[in-house]
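Everything on this sheet refers to the single structure shown next.
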Amino acid sequence: MTGTDMHGLVRRLYPLCRSITGDGVRRTLEIISEYVPLDTYEVPTGTEVFDWTVPREWNIRDAFIADATGRRVVDFQESNLHVVSYSAPVSATMTLDELRPHLHTLPEQPSLVPYRTSYYQENWGFCLAQETLDAMADGEYEVRIDSTLDEGALTYAEHVVPGQVSEEVIVSCHTCHPSLANDNLAGIAVAVALAQSLDNPWYTYRFLFMPGTIGAITWLARNADRVGKVKHGLVLACAGDSGHLTYKKSRRGNAEIDRVLAYVLRDREHEIVEFSPYGYDERQFCSPGFNLGVGSLSRTPYARYPEYHTSGDNPEFVLPEKLADTLSVCQQAFSVLDRDRRFVNLSPYGEPQLGKRGLYDSLGGRSDAKQAQLAMLWVLNLSDGEHSLLDIAERSGIPFDTVAGAASALHDAQLIKE
Amino acid sequence: MTGTDMHGLVRRLYPLCRSITGDGVRRTLEIISEYVPLDTYEVPTGTEVFDWTVPREWNIRDAFIADATGRRVVDFQESNLHVVSYSAPVSATMTLDELRPHLHTLPEQPSLVPYRTSYYQENWGFCLAQETLDAMADGEYEVRIDSTLDEGALTYAEHVVPGQVSEEVIVSCHTCHPSLANDNLAGIAVAVALAQSLDNPWYTYRFLFMPGTIGAITWLARNADRVGKVKHGLVLACAGDSGHLTYKKSRRGNAEIDRVLAYVLRDREHEIVEFSPYGYDERQFCSPGFNLGVGSLSRTPYARYPEYHTSGDNPEFVLPEKLADTLSVCQQAFSVLDRDRRFVNLSPYGEPQLGKRGLYDSLGGRSDAKQAQLAMLWVLNLSDGEHSLLDIAERSGIPFDTVAGAASALHDAQLIKE
Amino acid sequence: MTGTDMHGLVRRLYPLCRSITGDGVRRTLEIISEYVPLDTYEVPTGTEVFDWTVPREWNIRDAFIADATGRRVVDFQESNLHVVSYSAPVSATMTLDELRPHLHTLPEQPSLVPYRTSYYQENWGFCLAQETLDAMADGEYEVRIDSTLDEGALTYAEHVVPGQVSEEVIVSCHTCHPSLANDNLAGIAVAVALAQSLDNPWYTYRFLFMPGTIGAITWLARNADRVGKVKHGLVLACAGDSGHLTYKKSRRGNAEIDRVLAYVLRDREHEIVEFSPYGYDERQFCSPGFNLGVGSLSRTPYARYPEYHTSGDNPEFVLPEKLADTLSVCQQAFSVLDRDRRFVNLSPYGEPQLGKRGLYDSLGGRSDAKQAQLAMLWVLNLSDGEHSLLDIAERSGIPFDTVAGAASALHDAQLIKE
C-alpha cells in the first residue's frame, strides 16, 4: 500500500462512530478485513478480565441539541465527536443553564470540538466548539441522545502472518477512537499496510486491532498461554502527522525491539523516549506481570500536538507521505529484527581460512567488497553465542545488511551455526 | 531547636577542653543530656578494641609559658588550644631556644593559634600565634603543664530513638575536639536537634557522641552484634559554616543513603564527593570488614577552609541559619529514607481499575491531581519487588512525597503490599 | 638497548628477504639470537594447524625484468620488495603488454614500490614504481624469478624470561615482512630490547617471533596446553615511526592489559582504539575460542601512514627516539602489570594502628610522605580481594608506584596478604 492508499483507508474509516464497544468497531473491522483477513472476537458484557469487567455495549443512532426553533445547534450527524462517548440516553427539554454541566468545550481553542468519554461512570454530555456555545442564547433547548447501553460484547480482531518459528511479534493499534484521524486511524492504516507487506517472515506476526486499555487487557486475559510466545511488539499510534518519528522504549529499556528501533532511526531526525506507564497499550503489555519487550512508535506523541483529541485531528492532519515514512521504518525495523540472531563460530580457534572456501573471491565484483570481508571477520570473531548480528553491526559500525549478508555466506560455508 | 538554639549549644560547649578522653568529654555529654537523654559508657584504659588499645585518660588543669617577669605569654586559661592535646606534665625553666621545638605556630596565618595533638606518642607542646612567638624575647621562660595521663576511661554516649523496626540508622559525630566550633560542635548541635525532631520513625535511630577514630573503633568493637542491624548512617562534621553542603558518599558509592542524599540535595547548590579513607569516622564504618552504608555530611569539608584546626574556628565562624539548613537537609533525607521501601503489585497483569476503587475521585480537589494519578501508575508499574519508591521517584521525575503518597493510597486499597 | 641500538638492529635486518617461510626468516632469527637466546622451531610443510595447513617453503635467489639491451629495469638485488612474495619461478620473454597483468604500482605514489604477497594462490609478479613503469618502452623483456616453492618448514622462535610464577605474558611480533622497517623491524627491535631489560619479573614473559597469521595460528595450535597460562599479552607492530602511541584494546575490552596500557598512556598524547578483528596477530589471540587478554601497541597504526606497505617504510622512516619511547612505555606497562595484584586486609575491622608499627615514621624523610600515608589507607580500605592495586591507584588518584610501595610496606608489616 502506498501512502495514498493508506490515506484512503483513513478517510474511509473516519466517519464511523467507534468506541470501546459497539457497531462502529464492528464496521471498522469489516472494512479492514477487505485489506487483510481478520479473525474477529466478541467477548460478552460481564466477562471478567483480570481486574476489569467487560462493560455494556454502547450504540448510538442520533443525538442533538436543538433550539426553540427546532434547529440543531449541536448535531451528532455532523460529527460523532459531539457526543461524549458512552453517553446514556437522554430526551429532555432544559434551559441552557441546566444543560451547561453537560457541555464540554475548549475555551483556548474556540473553534475546535473536544473528544470526551465516560466509559465507567454513567453520564451523558455533548462536546462543541466554544464559538458554538458562545452563540447559544439563554432559553430552552431540546436535548436528545438516542443511544443504548445494553448487554452485548467487546469486539476485537487479529490478523496473523505465520512465520518460520512460532515465537511472535505483536503489532497493536487501538480501534476505539471515533472521528480522530491521526489517533488512531493512521496507526490502523500503517498496521494494515505492514501486514500486507510481510513476506514469509521469520517470526510469526500477530496484528491486534482492539479498543485501548480494556481491549488490551481483554486480549491479555484471554491469551495467557500465548503471552510466553510474544518476544517483541510494537504499539502504533499517532502514525501520520507531519512531525518526526518518536519511539517510546519498552519498560525493560533495553529489549531487542528497543535496540532495533534505535538502530533503524539513528540516521534520521527522531526522538527516543523512556518508558512511562501512560500512553497507549504498551501500558498493559509492559505491566509488571507481563513486562513484554513492547515499545511504541508514533510521530508526534499523544497530547503533544494542539489538535490532539479534538476535531482538528481530521484526515487533513494526516499526510500520505508521513504514513509511508512510518511504514518504511516499521518495515526496516522488522527486517532487522527478523534477521537478528546469534550464531556460533564452528572454527573459533584463530581465524578460519576464508580464501580456500572461495569466500574472498565471492566478493570480487562488489563495490563494498572490503567491508563485506571485514563483516565476515567481525561475524566470525563475535559469534560466540553472546553477540547477535545487531550487536555486531553496532560494534563494528558496518551496516546490518552487510553483517547479515556475511553471516549468511558463513552459514552457507558451514563456518557458523545458529 | 532553631538555628539560634543550636548556636547557643555550640557557644555553651565551646570553652570546654575536650580530647579523646577526660573530664571535658564527660562535661560535654552532661550538657548534651540536658537536651536529649544519653546512655554514657566508660571504657577502661587498656581495653583492647580491634587493633587498638584504649589509651590512658588525659586531664589538664592549667598550663602556661611565663616570661621572666612572671607574665603568662601563653595561657591555657585563655584558650585550651594553647596546649598540644595529650601533653605530658611539664614544669621547667628553659630558654626560648630550648623551648622552640615544643612550640607550634602557623607562620602563614600569624594571628591564629593552631590545634595539635599527640595522642599516641608521649610528648608535650604549646600552640601559639606566630605574632606571639615573634614578640617573645630570648631568655628564660617558666614552662608549666599541669596535666595527668593516668589509668581511666574513654567516654562516649548514645541516644536512641526507637523505630517501628529494629533495623538501625546511626548518626555519628566526634566529640574530641576542644575549642573548635565548626569542627565539631556544629555537628554535635545538628545531631542533637535532629534527635529531638524525630517522631516515631520507621528505622531505629542511634545517635553516637564519641571521640574520633578510637571512639568509633571502640564502639564498633563493643557492638559487633549490633553492626548487622545498621542499615544506613551519616557522619556529621563541619556542619555550620557559611559554605554549601557537601556529601561524601559511602565506600559502596551507591548505598541507599548515598542515593537519598543526592536526591535531597539535587535542587540546591551542593557538592557530592566520592568516598576516600580519610576524613571522619566514616573511615571506620566503611572499613572493608564493615563496609556500612555510611556517608558523611558537611558544609565546607575539613581542611578546605583556612580556619580549619585553628583558633579561627570559633563560634562566630558558625552561622545559626547554616546550622538550621544542615538540620533541614538531614530531616528531609531521613524522611525519604524512612519511607523508601519496595512494594509488590498484587494486580500485576495489566493495570488495575483505579476508578472502581475511588482512587481517581480521591484526587479530585488536589492541585497536583494529574501528577498524583501518574504517581499511582508508576508505583503500580514498577512495584515488582525490584524498585524502591526512591527508584520510582527518580525514574518518573515525580517528587518523592507524591510517590510515597501514591504508594500509601495503593497500599490502603490493597493493590500493593510490602 | 638504547634507541640507537634498536635502530641499528632495524638497519641490520632491513636487507633480508623475509616471508612467511624461508631462509630470510631463519637469518633474521639468527641475528636476533645474538641479542637474546632463542628457541627456534621448524614446522614442516603440510602440518595441519586448526583450519590451516603450513604451506610450502618459499626461497628466492634472484629476480629481474631486463630490457632488450639486457639492462635490469626492475631488480630484486636492489630491493626485495620488487618481487611479489611467494612468486612462483618464471623464466620467459614477453612483451610489456603481456607483462602488465603481473606488474604492481602505486599510481598515486609514483616513486614508491608497493609490497604485495600471494601466499595461498600460486602466482607471480613484480612491484615497481609507477615512474619506472612509465619509462618502460613497449617491446620485449626478459623476465626471470629464480625462486623455489618446495616442501620445507615454517620457522618461528621464542625467547622466555622465567618469572616468579608460571602464568605468562606473551609479547608477539611478526617476522614475515621483507624490507619494511616500521612494519615490523621496529616491533622486533622493541621486543628484543624489552626482553633484554626484564629483570626477575613476576610473570613469565614469552617473546614470540613468528610470521603473521599462519605463524600465530601455528603457535596457538602447537601450544594448546600453554594457552591457559597466558594471562596477558601485547602485539608489537609499527613501533618506531614519528607518530604518537596507539593502543588497540583486546577483544575483551576491559582486560587487565587494556587497563594497564590506558593507565600508562594517560598523561601523554596517545590514542586508544577498540578491538577489531583486523590488524596483526591480536586477531588470532583474540579469536573467540581463545579470547585472550592481548592488545596491540603501535605508533601510527597500519594503513594509516602513506609509507605503509611501500618502499617508503625504510629505516629512515623509523626514529631511534621513538623506538626508545615505545620501549619505555612497554617497560612502564609491564612494571605496573607485574605488581598489579589483589591483597586482603588482615585487620579489616576499622583501621589498624599504623603508628605503633612505625609505618608513619618510616615516611618521615619522604617528600611525598602525606601521599604515601594516604596510599596506605587506600590499600587497607580497598584490599578486600576485589580491588587490585591498579584499581586502587585509579580510584584514589595516587600514582601506582606509591600505591604499590604502600602495599609492600603493609605486606611487610603483615597487615595485608595476597
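Points worth noting:
Chains here go by letter, A, B and C, matching the order in which they are written, and residues are numbered from 1 within each.
Here is the rule we use: a contact is a pair of C-beta atoms (placed from the backbone, for glycine too) under 8 Å apart; a residue touches a chain by one contact, two chains touch by 3 or more.
The model shown is predicted, which means the values in this text are computed figures rather than measured ones.
Setting subunit B aside and leaving every other chain in place, the chains that still touch stay joined as one piece.
For the self-contact between subunit A and subunit B, the two sides draw on mostly distinct residue numbers; the shared fraction is below half. The mean-CA centres of subunit A and subunit B are about 55 angstrom from one another, to the nearest whole unit. Annotation for subunit A: no residues touch two or more other chains.
Partner subunit A is touched in their complex by these residues of subunit B: 345, 347-353, 355-356, 374, 377-378, 380-384, 395-396. By the touch rule above, subunit A contacts subunit B in their complex via residues 49-52, 120-121, 213, 216-217, 220-221, 251, 274, 276-278, 283-284, 286-291.
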